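For reference, the structure discussed in these notes is given below.
Which chain is which? They are A, B, C and D, in the order written, and residues in each are numbered from 1.
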Amino acid sequence: MTQAAVPDIRARVGEVLLKNPVMSASGTFGYGLEFTPFYDISLLGAIIVKGLSLEPTAGNAPPRIVETSAGMLNAIGLQNIGVERFVAEVAPRLADAGAAYAANIYGRTIEEYESVARRLSGVPSLIAIELNASCPNVKEGGIAFGSTPEGLYGLTRRVRAATGKPLWVKLSPNVGDIGAVARAAEEAGADAVTLINTIVGMAVDHRKRKPVLSNVTGGLSGPAIKPVALRMVWEACRSVKIPVIGIGGIQSAEDALEFLLVGAAAVQVGTANFRNPNACVEIVEGIRNFFIREKIARVDDYRGRLVL
Amino acid sequence: MPINRPRFVHGKILHNAGGGIFYRMEVALPDRIEFAPGQFAMVSGWPGNDPLLPRPLAIFRARGARGKGTVEFVYKVAGRGTALLSGLHEGDPIAATLPLGRGFEFGGEERTYWLLGGGVGFSTVFPAAVFLEQERSEFEMFLGARTRDQLPPRDWIPGGGLPGRVHPCTDDGTAGFFGTVTDAVRDRLDRLKTPERRRLMILACGPREMLRSVSSLALPLGIPVQASLENHMACGFGVCWGCVTEVREEGKTSYRRVCKEGPVFDAREVVW
Amino acid sequence: MTQAAVPDIRARVGEVLLKNPVMSASGTFGYGLEFTPFYDISLLGAIIVKGLSLEPTAGNAPPRIVETSAGMLNAIGLQNIGVERFVAEVAPRLADAGAAYAANIYGRTIEEYESVARRLSGVPSLIAIELNASCPNVKEGGIAFGSTPEGLYGLTRRVRAATGKPLWVKLSPNVGDIGAVARAAEEAGADAVTLINTIVGMAVDHRKRKPVLSNVTGGLSGPAIKPVALRMVWEACRSVKIPVIGIGGIQSAEDALEFLLVGAAAVQVGTANFRNPNACVEIVEGIRNFFIREKIARVDDYRGRLVL
Amino acid sequence: MPINRPRFVHGKILHNAGGGIFYRMEVALPDRIEFAPGQFAMVSGWPGNDPLLPRPLAIFRARGARGKGTVEFVYKVAGRGTALLSGLHEGDPIAATLPLGRGFEFGGEERTYWLLGGGVGFSTVFPAAVFLEQERSEFEMFLGARTRDQLPPRDWIPGGGLPGRVHPCTDDGTAGFFGTVTDAVRDRLDRLKTPERRRLMILACGPREMLRSVSSLALPLGIPVQASLENHMACGFGVCWGCVTEVREEGKTSYRRVCKEGPVFDAREVVW
């Protein structure tokens, strides 16, 4: 029982082999470079950059965020610099930093999705495209695609055809049957599914009698949603054969291990970065230490080993 | 190495006590921090995930030597997070990301400064006063409060001993100037001679309405105003895009992050 | 502006007029009598008793509960004394205590629902029947009915025909379109809809590699879910004309007011009773004081007055 | 009016300090409470909703007069909630619902008692010892710990001065009996004469495994065992059905609420 002195914590997501199973979540990690004062970003499994669109996007009017119990609502409205500037200015610097990175993308139409995917396909250092079919904030955004298996199937198939990069489809939790939606993505050719995106929520000011967010509703993230995310990831793992990337409320290595335990191939860490900018690397370290302590040799010796 | 670019650090509370309606907290840190007046910290460290997000607090003062430092914050209880901070004791843990944001920019030697602090906004401008005092620059301070009891304690005020330098303003006239900071500024601007105006620069922190009205007085006179804005923040270091404010540049408006491009903005650019 | 010295905080839910808009939520208030050491239970708008079934039910094996961030998961499995014992032993004592009370009911089949509803129809002091079409815990339970508009329509129509009591239908939040489900209940003849029930979640022990709950999944309740509940109540209010009873994470008068503000006719308080047994009456008092302070004369002067 | 049936009260911490691996906290309450040994409180009052649920703690001691009372708890840091409690200071607020549950039942005058406390379980049986001492009943105590340092501080033990009355048991033999409480009980039972056995009653609190094994020793000898169970609880007063344990009565099993029908159960009924 001494084999696991230095565990191998590399994680495989389809054809992509990650240094470790910990990625930063889109929209909570900027374009990655913002974290270089805190640590060496090449230490992460991967960085998923802020959702990119064809054109730069201004986003919603403030207020865009509000805290809730153990969570937060955001309605950023996908403010971003656009795919061109990302490819020209950011991608080379991420590559220079030695970071593994994927691009989260969205469009207002299928054609826009295709264009963004095509533009990114030529970036050699990009490891994958993550299709955000679920952002509940922008009215003309992903919501129509991600909320039914049919809509998601159609979108995924088209983007699948538009790019040779590994395609990860990020699922909305605002559905009745997450397994059915995950299967639709799988059937349409996704290489992996990522879940969950934020749950649609709302906050109002009972004195001013107004919504707190200018967008009225926003997406709930943070520890509050972890039990829901874990259940959905578990259901998705039992519904599809492609890898499942687990996300939602992860704050610690223990949380991340829970997602691996129910079957996730890797995890993403979002809101936790805000309170603790070192969250992602601390989670990598925590997983490594757990594997050492418990003498687990590699991720697949732990992953999906939930005993019912 | 002193902490002069954003770092996430764990500290321990040395003191945390009230002074009037304000609290002042000093935290021991693993190293000395170097900061520009107007920069801030994201403060957390309480047990549990509720409140979840850290709270932005201006860096009021920082001291220390190699491998050992302290930072001070001054705050008012505004809601759950600050109420929680006010209940912490000596020895309790605190976590902070700091120093963050773009602080005040100072002009050439010939400049004179008015530092405006509305409410707890003084905590942001006091470090500027300390800096200007070190530089032997000329400055005056206008401190606004609703009533006498809500002014910062006198012994916290840098250069508070110098007569004529600090102008308390109270809405109800119970101390100092009878009226708001904006009223006092209007008053003084009216009496200012052109050469004095030319040298003047305003650094301000306080309620948005105060910043707006002061800007609308000073900017038309060609007096530069640097306004430190306060928005709700999730991260504080530019990665969530939650804290934006609208700015106008070359005729076009866009959303800028208060935590990254700010909190101090050139008042001409802010869409009030 | 002095009219509101003593505001009228009575709340109307269809034909039922409540003393105030605050009810205790089913499953978190026992059979009501357990609260008599704490306060006079006739002070509440209404008490909704623990979900009743045709026969006494043993419930799930422990562990049945686990705490999560600002929430808890439960998989009680609807342990209850059965409708007969409730009618014989509990109902008279609730009536004696002067309490307004409604019965939450469930069945494993439509026929069982009908039988429970019929049995309760003859209890004069019972103000309403609340149909739990949403409990996610018992495999043979409501989940099939509550998760699609069609299923819910069928169930509601049958129970509607079985009882002359006001019928409130309690909705599951584990659906893609809460408005559609609320409309189905309305069309089938419900007098009101109650939402939200718990959101399906999961907790695992990463060290023991086992689910924490014997039932594997459980229902998430508490402040963690408030933003989701508030959004769904808001959507339901815009989807149906019948009254909407708001529930989910309410801990304080401020929280309750938020639900009224988005349009709820009344609210229910669940998990909050556990930490503070006085929660319900404190919320009644808090609403009254807010109305006095803000000079609001009656509930309808505040309810649904959200300014978008 | 003394608090003798469940009430939700707000209090303030008077002391909260460690003793070995345990903490002892005294809280000032609006009134004196009357409780039966084995009864407990649901303790909360920290800021925020995380942790959300109150934590069950045995009532260790209660004092006071009309309109003024205190309650004491003894606890061990087991997780987030108790860690949070251990960080609270004098003057901090605490809320509690108390007294809750069914405590120990005492037999007639002729009875002698063995009180078994495994780990922090002593906090539940100590009040029984205090009661028996007042009643001048005969009792002995067996206190189990992994090692010497994990035994309760000597000066907390009621009647701890009387030689032969308190039997510390350590798994590693570093103090008192070398072995578990169960081992010690087995040892003593073997040497007990029949009349002594007839008078004996066991009151026990500790890990479920200890309660189970002690019961399997004592029950076949006709010695009644009252076992105080510890389950995770949401409400503590019988309304959530979250805390159940399986019991057997007249051949049938059913789920009983540990907080309401317990926490003290007749060990014969418990399905271990």
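Here is the rule we go by: a contact is a pair of C-beta atoms (placed from the backbone, for glycine too) under 8 Å apart; a residue touches a chain by one contact, two chains touch by 3 or more.
As the structure is a computational prediction, the values presented were derived from the model and not from experiment.
Trainee: Quick check for the class: compute each chain's Cα centroid; which one is farthest from the centroid of subunit A?
Mentor: Between subunit A and every other chain, the largest centroid distance is to D.
Trainee: Any idea how many Å lie between the Cα centroids of subunit A and subunit D?
Mentor: It comes to 47 Å between the two C-alpha centres.
Trainee: Roughly how many whole angstrom separate the Cα centroids of subunit A and subunit C?
Mentor: Inter-chain centre distance comes to 34 Å.
Trainee: Taking each residue of subunit B in turn, which ones touch at least two of the other chains?
Mentor: Each of 48-51 in subunit B touches at least two other chains.
Trainee: Please list all residues of subunit C that touch 2 or more other chains.
Mentor: 69-71, 222-224 - these are the residues of subunit C that touch more than one other chain.
Trainee: Hey, how would you classify the chain contact layout here, line, ring, star, complete or other?
Mentor: complete
Trainee: Can you name the residues of subunit A that touch subunit D in the complex?
Mentor: 69-70, 223
Trainee: So in the complex, which bits of subunit C are touching subunit D?
Mentor: Residues of subunit C touching subunit D: 27-30, 34-35, 37-38, 50, 58-59, 61-67, 69-72, 74, 76, 79, 222-224, 251, 271, 273-278.
Trainee: Name, in rising order, each residue of subunit D that touches subunit C in their complex.
Mentor: Answer in residue numbers: 5-8, 42, 44, 48-54, 95, 97, 231-246, 254-255.
Trainee: Note which residues of subunit B are touching subunit C in the complex, please.
Mentor: Going by the criterion above, the answer is residues 48-50.
Trainee: Subunit A touches which residues of subunit C in the complex?
Mentor: It comes out as residues 68-71, 73, 147-148, 174-177, 199-204, 206-207, 209-211, 216-218, 220, 222-228, 230-231, 234, 249, 254, 257-258, 261-262, 290, 294, 305-308.
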